[in-house]
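There are two complexes below, and they share chain A, which is joined by chain B in the first and by chain C in the second.
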Partner chain A sequence: MTDVKFIIRTADQTRKAEVEMQRSSIGADIVQAAVDNWALPSDTDYALVNVTTGRSLVPTEMLDENFVQAGDVLEVQPVLVAGHA
Partner chain B sequence: MRWEDQSETVTLPAAAVFLKTLEPADEQRLSGLENELPRVVVTSDCLRSMREHLDTSCDELGGLLLGRAYRHAGPAETHVIVAECSVASRVFDSTGVSLRMETEVWDRARPLLDAGALVVGWYHSHPNLGAFFSETDRTTQRSFFRNPFSVGIVIDPVREEMRAFVGPESAIVPEENLVVVACG
Partner chain C sequence: MDRQSRYQRHSLIDWFSQATVRDARICVVGAGAVGNEVLKCLALLGAGSIDVYDFDRIEVHNLTRSVLFRVTDIGRNKAECAAARVRDLDPNVVITAYTGNILRDLDLASFSKYSAVICCVDNFEARLRLNLICKLWQIDLINTGVDSRNAVVDVFPFSQQSAQSVACYECTLPPSVYQRLSQRYSCGGLKRAAFVEKRIPTTVITASLAGSLAASKALRLGPGGALRSDRIFLDSISGISRPSELPVRVDCPVCSQFPAPFRKRPVRDLQAELARLRAEKGNSDITLPESLILSFQCKKCDAGEGHDAPLFWRASEHDSGLANCRACGAEGAVEIQITDRLPLDTLTKSGVRSLPLPFALAASETGTDVLVLEKESECD
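Coming up: the complex of A and B.
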């Protein structure tokens, strides 16, 4: 299986990394890598969006060529919560 | 997997440039502050759009704040954070005491980030509960708005209260440092 090199960033665009992963990796692997490398909360829900194409990747979907091409920019978007409960 | 971090420290312009664009009264009010704490500036258009959004429900609502941040030189350097516009969360789950904003709000914010504009923070309402940061709010601020110039604004539309909290530790912004300016 070939690798693909892309850019990943946080939704507020203050963190960015160049990542090379196997195309057999899935969306959840990318989110987990962002959580690990940027010390993001692990108890939060995230969406993964290819902002170059506008497509979202579900956690179980592989990084095939339909979703990401070399050089594309992917964004890890957190669900935001507020409240007192 | 290979991961090469390319995050860069955000370089902020000097606040003097921004202050000169304000109406004289607003410029004097901001320049006259003697403390060295962050200044949070909300444009009147931004405040209006937040209020129009938050007034639509007795449950909590919220969204993102877009704008700019500046370095404010003084005895201790601080920041001037300018909230220029708000992006309301449209896909959410909320009650009178809780709010979950789904990720579509980030997609709608992205096209509005022109050169120099940032996601400077977030806002939400506490209807008739008072304008304060709960522990959940602090955790969200610490996790996703952790720049020293990241601001969280809480508005109680019933009690007509507004408070701002800045940075990863959610430091409260003194009332005199939270300024609504006339510019759009």
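Coming up: the complex of A and C.
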């Protein structure tokens, strides 16, 4: 399986890195790596968006060529749940 | 004041249709921070009909984020208070407040009338339920969420004829959400008695961003309409907005279990319908929209209920304290039978006349034919 090199960053853009991962990696793997490496709050859930293509990545979806191209920017966004209190 | 004068400025906007806004029938679930902003926008735009649901009461800390509430409103029901303020803003708007829990008291007969449902709640459980109902009833769902910095608005255009290719809310959820939900609930749906809910601080800035965008999406303002599910993520500090398409997830718990098209069948006689289904489908399972407690029994003293006839108690109305025996006092000794799927034989033999749920689903083996059973009172 080939690798793909892309940019990953947080939604507030305070953290950013170029990474190379196997195309067999899934969205959930990338989010977990970001949470671990950047010590993001572990009591928050995160979604992954390819901001280059404007498409969210399904957590169980692999980094298929149709979804992620070399050089694309992927953003880790918090899943927002508040709004009532 | 006559309508023409009131909405005169709107009439100058070439893409704005006051008639479309007036004809909208919007359901707003949650009248808290985002709900206030949604209702404010709908009222000022002249939305024709609004139903607002909230069982919660106003507390002093709500006042920093709720434009419709005043100090004198503390202790009032949020939906009733918000509805009264909407009438003040525009008496032309027909608004009805519902003070019960929509997930428990949902009137599905009237649910079908909505052109859109706007979800302004603060928990995943309510979002999951509204997502399922809107998908099955093919009503557009607008989901909102905020934190202290960001706002998000998701649009799920379930009313589209191509609804099979429209992603639902659960298509988007990471597995960590389900892990978190499993921490909150013990066996099959009982809330953990000692679980402390995390509070997420927010401000009116993010609530107003989410609320105004959600109202716009629900009214389908502007040219064209959503044909696919999408999300707009707004950063209130940088001002950056990130729109993204939400793709259908092949293994989505909802879309894979209930693929469109499906049929809704109002049921006046549940027993007769169950017998008919039994004859048609064999002893297949009925899927329930939430878990029910069938029985419980203490392993120490044998005290229990539901062994002669299933209890059909909603698990969401009980917590893990049920595992402590009320008869002998033994902690954690009670075995509880909970399920969200029931064989047709169990239901037909139990002589059940009604289920404490607004609907149930029976899927055929092909998985493409889902029946929705509505309660008798909702068929009129």
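Just so we're on the same page, the second predicted complex is superposed on the first by the 79 of 85 C-alpha atoms of A that agree within 3 Å, B and C clash if a C-alpha of one lies under 4 Å from a C-alpha of the other, contacts with A are read in each partner's own complex, and residues count from 1 in each chain.
Simple rule for what comes next: a contact is a pair of C-beta atoms (placed from the backbone, for glycine too) under 8 Å apart; a residue touches a chain by one contact, two chains touch by 3 or more.
Computed from a predicted model, the values in this text were never measured in an experiment.
Student: In the superposed arrangement, which partner chain does A:T2 touch: chain B (first), chain C (second), both, or neither?
Tutor: neither
Student: For A:V58, is the partner it touches chain B (first), chain C (second), both, or none of the two (neither)?
Tutor: second
Student: Just checking: does A:G83 make contact with chain B only, chain C only, both, or neither of them? Give me first, second, both or neither.
Tutor: both
Student: Quick one: classify A:A28 as touching chain B (first), chain C (second), both or neither.
Tutor: A:A28: touches chain C, not chain B.
Student: Who does A:Q13 touch here: chain B (first), chain C (second), both, or neither?
Tutor: Once the two structures are laid over each other on A, A:Q13 reaches both partners.
Student: Once the complexes are superposed, what residues of chain A are shared between the chain B interface and the chain C interface?
Tutor: Of chain A, residues 11-13, 46-47, 49, 51, 75, 77-85 contact chain B in one complex and chain C in the other.
Student: In the complex, go through chain A and note every residue touching chain B.
Tutor: 7, 10-22, 25, 29, 33, 37, 40-41, 44, 46-47, 49, 51, 75, 77-85
Student: Would you pull the chain C residues touching chain A in the complex into a rising list?
Tutor: 30, 32-35, 56, 61-62, 120-124, 127, 144-147, 149-152, 171-177, 180, 198-200, 202, 207, 210, 231, 233, 235, 237-238, 242-247, 249-251
Student: What part of chain B is in contact with chain A in the complex they form?
Tutor: 1-8, 10, 60, 62, 89, 95, 97-103, 105-107, 110, 113, 118-119, 122, 124, 129, 134, 136-137, 139-140, 143-145, 147
Student: Of all residues in chain A, which touch chain C in the complex?
Tutor: Per the touch definition, chain A meets chain C at residues 11-13, 27-28, 31, 43, 45-47, 49-51, 54-56, 58-61, 75, 77-85.
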